[in-house]
Amino acid sequence: MIDHISKLTEKIYPTLIEWRRDFHKHAESGWAEFRTASIVASKLSSWGYDVRTGMDVIDTDARMGVPDKEFLEQQEKRALSQGADPEWLRHFSGGFTGVVAILDTGQPGPTIGFRVDMDALDIQESSSKDHLPAREGFASMNTNMMHACGHDAHTSIGLGVAYVLSQIKSRLKGRIKLIFQPAEEGVRGAKSMVEKGVVDDVDLFIATHIGLDADLGELICGNLGHLATTKFDVTYTGKSAHAGANPEDGKNALLAAAAAALNMHAISRHSEGQSRVNVGVLHAGSGRNIIPGQAHLKAETRGTTTEINQHMYQKAVKIVKAAASMYEIDASIDIVGGAESCEPSEELLGFIRQQADNITEIHSVKATTGSPGSEDATYMMSRVQEKGGLSAYIVFGTKLAAGHHNERFDFDEQVMSIAVKTLTLCACHADKA
Amino acid sequence: MIDHISKLTEKIYPTLIEWRRDFHKHAESGWAEFRTASIVASKLSSWGYDVRTGMDVIDTDARMGVPDKEFLEQQEKRALSQGADPEWLRHFSGGFTGVVAILDTGQPGPTIGFRVDMDALDIQESSSKDHLPAREGFASMNTNMMHACGHDAHTSIGLGVAYVLSQIKSRLKGRIKLIFQPAEEGVRGAKSMVEKGVVDDVDLFIATHIGLDADLGELICGNLGHLATTKFDVTYTGKSAHAGANPEDGKNALLAAAAAALNMHAISRHSEGQSRVNVGVLHAGSGRNIIPGQAHLKAETRGTTTEINQHMYQKAVKIVKAAASMYEIDASIDIVGGAESCEPSEELLGFIRQQADNITEIHSVKATTGSPGSEDATYMMSRVQEKGGLSAYIVFGTKLAAGHHNERFDFDEQVMSIAVKTLTLCACHADKA
Amino acid sequence: MIDHISKLTEKIYPTLIEWRRDFHKHAESGWAEFRTASIVASKLSSWGYDVRTGMDVIDTDARMGVPDKEFLEQQEKRALSQGADPEWLRHFSGGFTGVVAILDTGQPGPTIGFRVDMDALDIQESSSKDHLPAREGFASMNTNMMHACGHDAHTSIGLGVAYVLSQIKSRLKGRIKLIFQPAEEGVRGAKSMVEKGVVDDVDLFIATHIGLDADLGELICGNLGHLATTKFDVTYTGKSAHAGANPEDGKNALLAAAAAALNMHAISRHSEGQSRVNVGVLHAGSGRNIIPGQAHLKAETRGTTTEINQHMYQKAVKIVKAAASMYEIDASIDIVGGAESCEPSEELLGFIRQQADNITEIHSVKATTGSPGSEDATYMMSRVQEKGGLSAYIVFGTKLAAGHHNERFDFDEQVMSIAVKTLTLCACHADKA
Amino acid sequence: MIDHISKLTEKIYPTLIEWRRDFHKHAESGWAEFRTASIVASKLSSWGYDVRTGMDVIDTDARMGVPDKEFLEQQEKRALSQGADPEWLRHFSGGFTGVVAILDTGQPGPTIGFRVDMDALDIQESSSKDHLPAREGFASMNTNMMHACGHDAHTSIGLGVAYVLSQIKSRLKGRIKLIFQPAEEGVRGAKSMVEKGVVDDVDLFIATHIGLDADLGELICGNLGHLATTKFDVTYTGKSAHAGANPEDGKNALLAAAAAALNMHAISRHSEGQSRVNVGVLHAGSGRNIIPGQAHLKAETRGTTTEINQHMYQKAVKIVKAAASMYEIDASIDIVGGAESCEPSEELLGFIRQQADNITEIHSVKATTGSPGSEDATYMMSRVQEKGGLSAYIVFGTKLAAGHHNERFDFDEQVMSIAVKTLTLCACHADKA
């Protein structure tokens, strides 16, 4: 089987590269993956997958950090002008850029699901000739949007897996479910698909990432220690006044924001694990001689466990509101992203390691990575486990030109071939997991 | 008339000194002036004054900063053992240490009222031989209570005025009202007498002080710019927890107090006049390795006008409460003192200046003093003006050994003679004011 | 004389309006008054004034808040394209947009100086048809630059005074000095002209403003209580780090800025007068999940006296630096504006009031205005007084469509006529001051 | 062997109780264990141990948190009056209350060292009849000193081990070293003994504690996760001023302390492990109406590793100093305690577990405890390991009447018998470790 898979994969490897570079060139930020999603849907449909999209796979209210309507409309037009599939495009209108594709083998067997994220970052890509995408002409043409985290590779890998599986459908059992998720950056999108129930019938769930701190040929297959997190924005609305003439008439939103920031960082440590809090952005005030009537914060909390993160977030909210009350102003808080902590299923990790043994390009398997981040695939992992299934999150190493989220991020494209082979093999043997 | 008054005053001058030194030796802090008040009441009564005391002249609920019951009981016993008049003493039980004495001449004419404060400060008097009261053996025998602001002089002056007037009653018109007030320090007592109505029938009201920054022979007769003020205590009750083992279980009262203090000081300036805020004392926590569950603040606000002070106090209260809510703890606020701002009545100032012209020891009259403080006689002044009367606050200068509120405070006792003469003369000519 | 002046003024009144509307349409912000200054210089020169410009009247190092080179170059080009006088324009290159014009009568007599400010504000003018300049087609064509404080009127008045005086030169004595100052907004320009000595020989100095809270026909001629002020920017440079992965590697510039802002506002009140402090703008951080490595503050202090302002500013600087040291980051502080407090000369105020008596349109003279602001003409006023001269700051009332610094600010242009008459008359009688 | 040890231990069990109750009744706080140390030294000497004391076993400069001279002199007198051994007492003068006792068997073999701490806490013991020591008449007679952490048991166990070993000396090999340490509470004493070299020759080192969260019959023998810690006091000295009259003259120590406390708590989390910071006590100011000129903090930092604690402490120091500079005041910092983190030696833990198997009263062995605290035995453990030896820290469970550091703390005295047997057995078999 692995030989057949390998051959098929190597045959489409040039296409994988082509796809990836096309996605890279047309990088689209979260909830605006109009072009990407329409191309994904179109291809999957043409390969015989049962494709579901838009509001069928995304719960409206569970979406987080959705850009404003005007931006989305403009992005949809941009996508069309950049070659989006017009028929599929309208499914995603209003920022419902998720795609779920099902291959039902007709044979009894488990449902295996793969999470694929498609969004780019709000980063302006380097135009330096030292940067391969720039040199080769596939740097992002969209201002301030760049695939600097490898989701272009993820999308191509997802398509590759889908294609290869479609070619060997007769040898498979159970069902294959490919879940193409929007807005993973900022951990905004997964929850809306979970709430729509897209993983409720998944028995084996695998989310993947490329890169991080693993080299080409390394597989990280263990507990990555993802931190639970909540991302939130705060808007303080006070009252401006002239700082010389009548300062007593002002309600100072800047000082409220400063007090909130300081006291949020002073939230107690937690004895049961790591906790985090950050006010990453603070913008306040309109002019030097005006008591500031407006302030905006972008903040986040994290924790080793979902409970610790909740503890941190609830304390932070109390502080945000109390700081408003301290300065007699209004505060509004918007949750714009979130993720959970999640322990992967040990049995599934073992199964994946077994399959990886058959992939010659994988020469070593590591149990963990260095520094933990956050991921909203954890929502899917948790839901699958709650429903009695097994979950895992694995990383395919690759050589990086620069770190993730860097304007010169780039990677060795061979990782796509390794990932397609491994994931396809997992799907083939899903009934033995 | 002035000659007669002068003669009578000089005759009793040795007694004034004797009284003053006796009061000094038995200094009693606010609401515990049991011995002083009983002696004052006894003497005034013996001179034919209609004397009212205790709950008849003090409104229970309007008292501020009253010590606890245990302390008052202990002080009452102390007073008795130090020679309080037992019969009068019981009138003052429970901290109702006010005395109002009325001399009704039977002749038509205005009611002139004098405010006399009797309380000492919570200061341990110097025992240095450089300090005259210590050298002469009349330093306070009461621990941590000292007449370091001259209220011993005020009480003696009040008695002196009362005595001289009683001797010349037949030549007087209208009514004389002497108001001996408790707890001026901390601006705690005047309001309770005002609320009981003791100045409601006063046509001409004069409050006096000795010292400040005027020399012997100087009279300050103008607008002293008393700042309105509110004194308040804050108690924060959080929850202790071990700082190493389970810090997340604590509710940190110390940090709430710190946040409150910082943000209170950041209350905006006021364009219409001077404002003040001070957290003078902060005590928090029980041990180095315990998240502090308790914190206490002693604070105050002030303002050029009663309105500015109210503005400051209301902002401070909001901050105190918000800081509690920030740390999920409880806050209780007790108002323990207060005073208003008050413009003296120009006509009455003119009248007093006229009388002062006849006092040979007064060689100069100043309109104001350097640095403004707060005084609760302002409550009486305002009430008198509201009822259509005239109010003034004047200062009789004297040579000081050390500044007010210093452990070596002392003054030239001749000021008592000057004050008795001036105030008595004002009372004699009250019908011409 | 007044009749002659009146007639001449009324004759050029349509021209005053024309000039004003032209300046309004081509509003130029501080240090970029290239077009305005070149037209002013050209006209004054054509009327026989000895005109000095650029580096001859502006001290390079004493300039404050000068925009960057690129902006200035772009503005100079813009000015040229909008009709600046090319010959004079080059005198102002690099932001030296000051003009001093002298009319020497040849007769013995005092030197009388007038301060005229020419700069616009960084405000986008309203395009509403309710706004007269928009309706009449003379709203500012320069983005985010608007004469919303009346300096367009000031410039026209200055030209008007210059023209009328040039017509009656033979009747004058002494010398007339017209000082056209850049960058009064933000109190950035006056000091650089003072340091160059332009008021050192002025015997009588009058700075003027229109509007404020006075009506048409009212003259404010007294002490406006200008607050001394210092404007400053702070840049904090820390170190970014990932807020989830390695927060301990960050040096948090946002928290330093928050601590600085809070503690600056907590600087003690000053017993000798009004004090102010404001952090009007705070921008910090680059992304939600990044420990902020950068923060910027725009701040100011003020005081009733130059000493109080200095006290406030010095405390603020200590706090700014200590906050940097608290978070192990760097702080740089740039002073971008400043003004002094200044008592006007009582004799000169009297003289002006005398002249105003002869102006029929002036029906009332007020001593002061409501709420004090800051003005850098105070630097000139102080210097003149130090050199033995007399200084005054007066306000010609006018009807306002909206308050100063409002996007719909507009005024009754008749004020220009009143001002020209009054100031011209002052110049005529300068020898009698 | 174990039978012999058991018999000997049971025989002296009543004496263990007697000793323990005597120490309990005469509880002595850190560096004032004059009576305890003199009795310990006297007994050990009488049993044939080579006893070293005072400055021979304690490095003067490495002592932390030593009380002032006056207190120590008074305590030494108190000890004498309570039955201290006068001859040994003088060895400890000035707070050098450490005892090291060596039993050299003359046979080749390793040196095994036991750490025994002797100090009480600054707690007033309950006098309730529900509290056994009070009911039985052995509650502490020393005000505000109480054995509420079981160090009275530790001392008795240490003596018990010493006695039993002295009785079976002929069967032993190598050397026994008993280290009786002062001032473990506040982690103040161990370092001074380490710096004097008392553990430099120890091959096997065992520190013990009773209670914590283990029951009678349980042994905790693993990694207790002791947090490294630094304890420090801060004194801020500013300048007082009257809050109404001249607030600008004050240098506010209270606000500096508040700023320090808030910003210390805002020190970033550390990604490599747990960190802690606590300002447990803050006392500032002298009176409501006085700008506070003095403030005192009691604070501590902790960390999973010595490096994390150092990171926290260094950040805290920077903040403390910067807060002083912010308010233009002085700060002095005194380190008054400290401990390291330390991994126990796995081989030694295995050896101890082996011995425990032979103690019938020990029915279960746990690997760890719930919530980690700090211990200065870690200094000894680290030093022993640095010199090539092995270290362990074990806990003998017992039934507690109330938690550690509670005024009703008490325990089941049988734990002393279990501990003596186990430790003695370890010493007997030390050559097999």
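Quick notes on this structure:
By letter and in written order, the chains are A, B, C and D; residue numbering begins at 1 in each of them.
By our rule, a contact is a pair of C-beta atoms (placed from the backbone, for glycine too) under 8 Å apart; a residue touches a chain by one contact, two chains touch by 3 or more.
The UniProt protein names, listed by chain, are A, B, C, D = Aminobenzoyl-glutamate utilization protein A.
Quick caveat: nothing in here was measured; it's all calculated off a predicted structure.
Under the touch definition stated at the top, chain C and chain D share these contacting partners: A, B. Set against the C-alpha centre of chain C, every other chain centre is closer than that of D. For the pair chain A and chain C, the distance between mean C-alpha positions equals 53 Å.
Centre-to-centre separation between chain A and chain B, using Cα means, comes to 69 Å.
Residue positions 245-247, 252, 255, 259, 262-263, 265-266, 268-269, 271, 276, 291, 371 of chain B are each in touch with at least two other chains. By the touch criterion stated above, chain D contacts chain C in their complex at residues 245-248, 250, 252, 255, 259, 263, 266, 268-272, 291, 311, 315, 318-319, 321-323, 325-326, 328. Residues of chain A touching chain D in their complex: 262-263, 265-266, 268-269, 271, 274-277, 371-372. Residue ranges of chain C in contact with chain A, taken from their complex: 186, 227, 229, 231, 242-247, 252, 254-255, 257-259, 261-262, 265, 276, 278-292, 295, 298-300, 302, 370-374.
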